[in-house]
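Below you'll find a set of structures to go through.
Here come two complexes built around chain A, the first alongside chain B, the second alongside chain C.
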Partner chain A sequence: MGLLRYTAFRVVQAIPVLIGITVITFILANLAPGDPVRLMLQGQEVDQEVIERVERQYGLDRPLHERYVTYMVNLLQGDLGHSIHRDRPVTDLLIQRAGPTLLLVISAYAFALVTAIPLGIIAATRRNEPTDHVSRIVALIGVSTPSFWIGIMLILIFAIQLGWLPSSGLVYPWRSPEHYGYSGYLELAFQTIRHLLLPMVALGTLQMATLMRVERTQMIESLQGEYVKLARAYGVPERTILRKHAFQVAQLPIITIVGLNLSTALGGAVLIEYVFNINGIGRLFLEAIQSLDYQLIMGITIVIGTMFVIGVIITDISYAYIDPRVTYGDRD
Partner chain B sequence: MDADAGGPQEDVEAKFGWRYTFAKVMQDTTARWGLYVITVVLLISAYTVVDSNLSRITFGALSDFTFAETLPIFEHPERIPPPGQGEENVPPAFHADGSLSNPLGTDPSGRDYFTRIVYGAQVSVSVGIASTLIGFVGGTLIGAVSGYYGGRVDDVLMRMVETVYAIPPLILIIVFTVFVSGGTPDITYAIIGVGITFIPVFARIIRSEVLSVREMDYIEAAKASGVKNRNIILRHVIPNSFAPVLVYATLQIGVTILIVAGLSFLGYGAQPPTPDWGQMLNVSHGYMHSNVWLSIWPGLAILITIMGFNLFGDGLQDALDPRIDD
Partner chain C sequence: MSAEPLLRVEDLKTQFFTDAGTVRAVDGISFEVYEGEIVGLVGESGAGKSVASMSLLRLIESPGEIVGGEITYKGETIFGLEEGPDGELREREDMLTNEEVRTRIRGNEIAVIFQDPMESLNPVFTVGSQLREFIELNRDLSNGAARQEAIDMLREVGIPDPEERYEEYPHQFSGGMRQRVLIAMALACEPSLIIADEPTTALDVTVEGQIIDLVDELQQKYDTSFIWVTHDMGVVAEICDRVNVMYLGEIVEQAPVDELFYDTKHPYTDALLDSMPRPDRTVEELDPITGVMPEAISPPSGCRFHPRCPDAREACKRIHPENREVARAEGYPHRAACIKHDVFGSDYEESAPLENGAGADQQLPASAVDSTSTSTSTSTSGESERTDGGEHDE
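Presenting the complex of A and B:
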């Protein structure tokens, strides 16, 4: 009950932010000097009459606030407008490209969590020993290296020099093996992983390094807690203390960081999709920017902003669900 | 202060103030190493400013003076050598085909790569500091006003800040840069864009500080003696909430350089022929198969610079955080 109410509360709280995202995108898209149709034509000579007709067709001749209201009304019905350049609904384009991006971001997070948590714990339990120093240096390099450069280096080493892994594109596990000419689902799975490996590591390294630093500090703090001292005094084995007492408490901030870093990960996906030629939302965004496809740019920005807001809400709620100390509303 | 007051005061070590902070920071190995790296990068950028002016002189009116031509160590980083003079895509010196006159080889236009890497420091550092400053000043003002007044003002400002925060910086900056510049992106727009997107984080930190500062007695005293709100914010609230934001700003310079590198790599930051590391990686991306070296050096330069700022920021945090005790 309390959790349900908290969820509802968080969703309501997010509404002004979601509206804000649409306002910012709308204003930015209309900040451009000159009229959008001319800007899109990029210097091509066209009759004034044609421009006016296109403007009328897309409602560009009406005042800004009227256009915003129309846009919002359509948005609430799931219509993100029509891409003039591609002559297709923006919603269709986004749905088509969402899969690869989600596959990439989720696998990058999986990689980051699987590596960061054990490394952070090892570093914390062997504080100020060589293992700790090495892992701290690795984490420091991880947060200081541009993800796209990691991608370039991985391509240079594993694709160009060694020739072990492919350097571009993804294989989508939701397609049939026949589509790629593979013998069966086993090969499809194998090829999916092969293609995903390099972009996943490139995008996940920053997350891994960030999470590892947090995990280490949290574990150190948690191991110094009163309850750990008490457990030690009772003679509870160190392994059990680590697993049962210290570990669980230390995981809570990790959840928050995962949610907040979603923004960095989605931005990083733009760069990684560019480096690895992955046809996701990130590449779509770059293509839209290049052709100054207003409707598409606005659609992508709004969808990505919304994805981030939803991500933060989910982490907040799971935080409340997991942490028994936090109660929201009447739960008894 | 009285002259004889210095004696007894030295015995009691002041645990605040700039000198104490600096000494504490220098005790921290991490912070010290970070400071060394930052100093080297700053010195290199400072030198290139001098050097570029010298080379401009040699190409300009003073080219008659022979001594002027020997002064600059580096060639002009942006000047493409005329046909037949500079060889293109020369590998670095340790390679069999390399030579010491181009220690890191040359780029696809025949320019010395080492010169361009060295000049890149200037671009990265100034971009990093400039956009962090914008975020810092903007965030401090918004955060201070929001925290000091509270209530409706706080609600509105914080929702605005959260909104900017919700859109991934890279995407927001590209949209901003492209639309505001009308389709011709430039490093100036990138700096402003990055600065604006970092206002939220600064605003949040200063706001939480201000929330505790505004309850202080001296604020009450200032209010009682009729000081205007604006002056209270500028003279009392902001100076007293400063320290944590300053630490954060140091860390933020590294993040800023990272984002601008990404922007330039995609072609929405520094434009050619500017010797910017991200921009150089953009060019070298097309030569990944033929000239591997072009992709390595700029990335290493970015890594080292950002690591310097991160090391210093980490050390600063440790040194100033009273909770962590080794």
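Presenting the complex of A and C:
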């Protein structure tokens, strides 16, 4: 099987998973306590007749399985329903809020990878030296500290005490400079980075710490490999061994972890968006839960679930691409 | 032989500094390799064979270190110490730097074939690219020429369809084929000396035979010298010209291969030969060497083999013999490190035999207990003794 067919195969395989996600989400959302219509009325006394009319209007009077089928038919057309609370289509809300979240998660991962890989390699090559011990302590703190706390501490230090960086909001690079009243694209880029820096570090620290430890372990193992011994015996320079021979083998688990940790990162984004007042999907999610906006909760859960499935598929495919030993489900 | 040896190793000492103490993995070995010959380095696991061979390339990793001796290759000093003005030992001025060893010795002068063909190739690069990388590094060939040379070499070691196989990954090769690739790597760099570190141990016997034949054939064609590290006396008999037998970091016997087999001078070599099945000698049962090799961290006093030696006497506990010439054959010295030989002038003859010495012989039939113990569950010991006797009669 070629890589292309393998990709198609994995996508098809993901369909039952996605259906499962929608079923579970749908059932859970409908089992949750609280009546959405009454909640929408916010305690106002109205006739039973009015309530029934509203329920009919949103199809809430029909049995669960019928509502699920309707929901799925709409979903396939890109319609995730209507947010009762906000009186807007869920799809519109999600599209509007996806940008900031993606910007945050991608930059957090970029930060984690750019720092973790070199630091992990350095720790591996200076095993049990002071550098390694420092990196171990940093990683331990990074793994065991909640991201929102890191976020709050960063705000306290860099925004409030030092006043170097803004404490809330993001500047979106896809908007025009005029929108923010900046002089040009250079300032837009500068401000984007300035605003992104603290939330990015807050969200990326956990990923960085995890990846750094994995990178270290993998590099140590890889550097002890027989193929490294062989390369040394044939006079390959040490830096080539590090950069090429040992490095390439060591990266395989990193890809897996990046893919699988996507869920952790998205979960972390919910809190970070809240702490930094960023209007992303995470914050929307919290607001939706607080207001029992079922349509919105379901919509977001399905989108995040889908993103996770896509992450896993991308992991698998890139694994197959990088590691020649991975067969595409069959043997040639 | 009067010609200068290709490689001369003198009193080489390599030690590992561990928390538990200093491990004297290689403890003062000396040997030579002449042009075009295959020299065996034989011994049990842990005897220091691999450490010795890696020391030749100065590829000893921390906590290990070469602490003494001299390695001379084609007149260049791979390792050598001298006494400084302050009385401390320091590296000699003519000793090659790390960079020089890497660029001038490793690969292009001395190449290696490792034991485990499954692990020695990098799983994420094609076989061809790995071979080509080593060729480019060690020979002055352009990109295209190196590729062609790699393909030619794969063909030379008997890999069918080398053009297609060039693009394949190690996991697509069998163990024997991978070992051929490793041999191709070694030969492709056109070295004068190849260290083969147990190259056939991980292979099954039929493939082992093929690989040995291949090396034998290519060795004659390219006239490359070999150091063949192995624990297998059968392989030694088949391929080596001269042999060094190692025990606990020392060379205890050194002789041309026929001499070693037919005029064995060291009890350890004797024991090794007795523990090996041989078609020319029918024995009732093989004689394993009793006991296990002690740790190199605290070697026994005197002769290191004395606790396991059937010929050991009181004097062996006191005297630590160096490897001395006890005979001469084919122009090469036959050296052995055993004080029972007259050249040592020791009081071996007068001293009392040790328990394990004469006693061991008595215990050997008792080792038949081992073979009967499996049947004792169903039969009495008397019966199994009779069965044993019956076998002896045949």
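Rule of thumb we're sticking to: the second predicted complex is superposed on the first by the 316 of 332 C-alpha atoms of A that agree within 3 Å, B and C clash if a C-alpha of one lies under 4 Å from a C-alpha of the other, contacts with A are read in each partner's own complex, and residues count from 1 in each chain.
Just so we're on the same page, contacts are C-beta pairs under 8 Å (C-beta built on N, C-alpha and C of every residue); 3 or more make two chains touch, one makes a residue touch a chain.
All figures in this text were calculated on a predicted structure; none of them were measured in a lab.
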item	value
When chain B and chain C are modelled together on chain A, clash or fit	fit
Contacts of A:Ala29 with chain B and chain C, given as first, second, both or neither	first
Chain B versus chain C as contact partner of A:Met153, first or second or both or neither	first
First (chain B), second (chain C), both or neither touched by A:Val50	neither
First, second, both or neither for A:Pro16, with chain B first and chain C second	first
Touching partner for A:Val236 - first (chain B), second (chain C), both, neither	second
Chain A residues touched - chain C or chain B, whichever exceeds	B
First (chain B), second (chain C), both or neither touched by A:His245	second
Partner chain in contact with A:Ile322 - chain B first, chain C second, else both or neither	second
Shortest CA-CA distance in Å separating chain B from chain C in the superposed model	11
Chain A residues within the chain C interface of the complex	225-227, 229-237, 245, 248-249, 322-325
Residues on chain C engaged by chain A in the complex (per definition of touch)	57, 59, 102-103, 105-108, 111-112, 114, 116, 119-126, 133-134, 137-138, 169, 171, 182, 185, 189
Of all residues in chain A, those that touch chain B in their complex	16-17, 20-21, 23-25, 28-29, 31-34, 39, 42, 140-141, 143-149, 152-153, 155-156, 160, 263-264, 266-268, 270-271, 274-275, 285-286, 289, 292, 297, 300-301, 304-305, 308-309
Touch list for chain B against partner chain A, complex	159-160, 162-172, 174-176, 178-180, 182-183, 254, 258, 261-262, 265-266, 268, 278, 281, 285, 288-289, 292, 295-296, 299, 302-303, 306-307, 310-311, 314
